[in-house]
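Two complexes are shown next, each including subunit A; its partner changes from subunit B in the first to subunit C in the second.
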Partner chain A sequence: MTKWLVLFRKEWLEMVRSHRTLWLPASFILLGASQPVTTFFMPDILANASNLPEGAVLQFPTPEPFEVLASALSQFGVIGLLLVALSSMGILSGERSAGTAAMILVKPVSYASFVTAKWAAAVLLAIVSFAVGYGAAWYYTGALFEPVGWREVGASALLYALWLTLVSTLTLLFSSLLRSAAAAAFSSLAVAVLLSVAAGSLPFEQSWNPGRLSTLAASSLNAAARPLGGGIGSVWLTAAVTAAVIAAALLVAIRSMKRRPSEA
Partner chain B sequence: MALLTVDQLTKRFERETAVDGIGFAIGEGRCVALLGPNGAGKTTTIRMLTGLLPPTSGTIRFEGMKPGQDRREWIGYLPQTPAFYGWMTGREFLVYAGQLCGLSAKEAASRADMLLKRVGIDTAGKRRIAGYSGGMKQRLGLAQALIHRPKLLVLDEPVSALDPIGRREVMTLLGELKSETTVLFSTHVLHDAEELCDDILILSKGRLATGGSLSDIREANRQPVLSLETEGDLRSREWLAGWLKRLPDGLEAASATETGVRLFAGDLETARRSVLRELADNAADVRVSKLEIGYTTLEDLFLKAVSGS
Partner chain C sequence: MDHLTNTQLISLIVPLAILQAILMITALVVLVKAERTRGPKWLWALIIVFFSLFGSISFFLFGRRLN
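Moving on, here comes the complex of A and B:
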């Protein structure tokens, strides 16, 4: 356990020194805050745009506050996921090709600790970044529109954090399997997109599909729309399946490092 | 007493057998060189010892290790090209390595300071490793291998990548270290092995060609050898070609060129006499430029062993 903490601390220090602990939260805050702010000023922005004909009347329905937060989540779902995948795409393949993995794994350190410490650090950074970004979105929504209840926001944040954790874990998994960091980022994003698209478009019940998580997070913001899609039991099923997928991905990544701790 | 015993160690890759059933023992406190040309299986053997590569078959056993104990606790390893985190300082890396080997933070810090001084880079300890030169990285590599006081220090080609000065410095350092712990290092340079080692293991094409203590091997393979060179004019060459066909008993050509020959001899005195008589009889024809009478060196043995005879 002490060794695990030593490994974890090194990962965190690396993220601090490479300024990842600055730019990832900063990007999420920008994404999260810009959504309520631009929605609020949208009528003014459009009215001041010079290419509108004289006398045009613009009528915008004021969006419900939970809709503003949901659109912030959809921002996270595109650019946020991309940033998370990019920030940890070389997490294992980089160490393997540089040879540092071999330097560390000849020490009496377990392969599981080596991989899970990296995973925990990457996931922690992703979740903290998301939390501050979502917090910013929540604050500006409350300030510019109307406040959204903390229960709804909390539930949606938990669901969304699980989705982010899954994407981070997939990036780590592909980073252990593929030589190229870019290919790892692309693969994990492709899987995430496939899961979400399948959850949204296929015409049968998919309580097991982790791709449902982002939609669930968005719909859990609307207090009136309860119970959530398919009831609370099916949400738990989705969460359980996601956790199982995360655990399996970690096991595969550990095995892959054990089989091939260094290139050549 | 043997610290490490290796038996029937084999590694097969998809197409080729890199290491083929080698077995040897390393005595406690000895300095052992793993010699062989490039591609002989040295690095594969070392990577199996350190646990980076699972052997296809065979056993690796440390004397006195508890069942289930991690072999890596006893091994300090310096790979051929050590890699570090460039964003760490040298001292940070040593402390990190020490803690991963189970030292407490305080102990790791004091060992790190001690070793930085020991390998001569204490002034660079607070600088980022990204700015280190090749020689400094090699020394930092040695320091991190020693951090947990390993019983066996394993070094893969420790001086191959260094310039002559760096090489000299690391060799001196190794000379000091070998009195403190058991050392196994691989090299393709015979001279480095002769300078430092008690024992040598010669690998050729994945097999163990010869192994044992340096002095024993030198003694056992000490064979009288004559080497004769002529000026290479026509008459000398004709004589040489003719003489090689009617060599007296007890003389055997090891290698011959147009102008000279190297001969293994059964008995030095008879050989000396017969060669000198032959030369005296043909004094008019043969222009000898060099005649050397002595014993085979380790170099001869090494060449014979690795040329796959």
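Moving on, here comes the complex of A and C:
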């Protein structure tokens, strides 16, 4: 356990040195807060920027506060996922090609703790970034529109954090399987997109599909839309399947590092 | 929509501008200190300054050569 902590701290130190602990939370905050702000100013922006004919009357319904928060979530779903995947795309392949993985793994350190320490650090940073960004979105929504209840926000944050954890684990998995960091980021994003498109478009019940987590998170913001897609039991099923996929991905990543600790 | 005064609005937006400025300044400092970058430094400086948020992020992601 102490060895694991040492590895974890080394990983965290590397993230601090590469300024990832600054720019990832900062960009999540800016993304999250800009959504309520642009929604608030949208009528002014449209009135000034578009060449509307003289005397045109624009009438916008004031969006419900939970809709504003849900649109912040959908921002995280596009740009946030991209940033999370890009920030950890070289997490294993980089160590492998630089030879540092081999250097660490000749020491009495298990492959499992090497991989899981990296995973824990990457996931922790992703979740903390998401939490501060979502907190900013929540605060700005409360200040500019109406406050949203903390129960709804908490539930949606938990569901969304699970989805982010899955994407970040997939990035780690592909980073252990593929040589190229860009290919790893691309593959994990492609899997995430496929899952959520399947969840949104296929015409049968998919309680097992982790891709519906982001939709669940968005709809759990609306207190009127209870119970959530298929009831609380089906939400738990989704969460359990996601956790199992995460565990399996970690096992595969560990095996892959065992088989090929360095580029040769 | 009109329940906020201008001062309140400014006090909401200024923190975001400050955060953005911190990110940009950090990126510029890292850029100046870096021994080698991927591509010319002046180009990265322009990218960081003109594409504010995404410029800084893409510099942190792709701009530096580690080793």
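Assume the second predicted complex is superposed on the first by the 263 of 264 C-alpha atoms of A that agree within 3 Å, B and C clash if a C-alpha of one lies under 4 Å from a C-alpha of the other, contacts with A are read in each partner's own complex, and residues count from 1 in each chain.
In this section, contacts are C-beta pairs under 8 Å (C-beta built on N, C-alpha and C of every residue); 3 or more make two chains touch, one makes a residue touch a chain.
Quick caveat: nothing in here was measured; it's all calculated off a predicted structure.
Taken together in the superposed arrangement on subunit A, subunit B and subunit C fit without clashing. Once chain A of one complex is fitted onto chain A of the other, the partner contacts of A:255 are absent, as it touches neither subunit B nor subunit C.
Of the two partner chains placed around the shared chain by superposition, subunit C is the only one that A:144 touches, whereas subunit B remains out of contact.
Shared-chain residue A:10: touches subunit B; no touch with subunit C.
When both complexes are overlaid on chain A, the residue A:2 reaches subunit B alone and has no touch with subunit C.
In the superposed model, A:104 makes contact with subunit B only, not with subunit C. Figure note: vertex subunit A, arms to subunit B and subunit C, all at CA centres after fitting on chain A; angle 80 degrees, rounded to a multiple of 10. Residue contacts after overlaying the shared chain place A:33 against subunit C, while subunit B stays out of touching range. Of the two partner chains placed by the overlay, subunit B and subunit C both lie in contact with A:18.
The superposed arrangement places subunit B and subunit C with a least CA-CA distance of 5 Å. Across the superposed pair, subunit B and subunit C both touch subunit A at residues 18, 98.
Residue ranges on subunit C touching subunit A, taken from their complex, read 1, 4, 8, 12-13, 16, 19-20, 22-23, 26-27, 30, 53, 56-57, 60-61, 64, 66-67.
Across the complex, subunit A is touched by residues 50-52, 70, 72-73, 75, 77, 79, 81-85, 87, 96-97, 99-102, 144, 148 of subunit B.
Put simply, subunit A touches subunit B in their complex at residues 2-3, 6-7, 10, 14, 17-18, 98-100, 102-109, 261-262. Listing the residues of subunit A that touch subunit C in their complex gives 18-20, 22-23, 26-27, 29-30, 33-34, 37, 40, 43, 62, 83, 86-87, 98, 140, 143-144.
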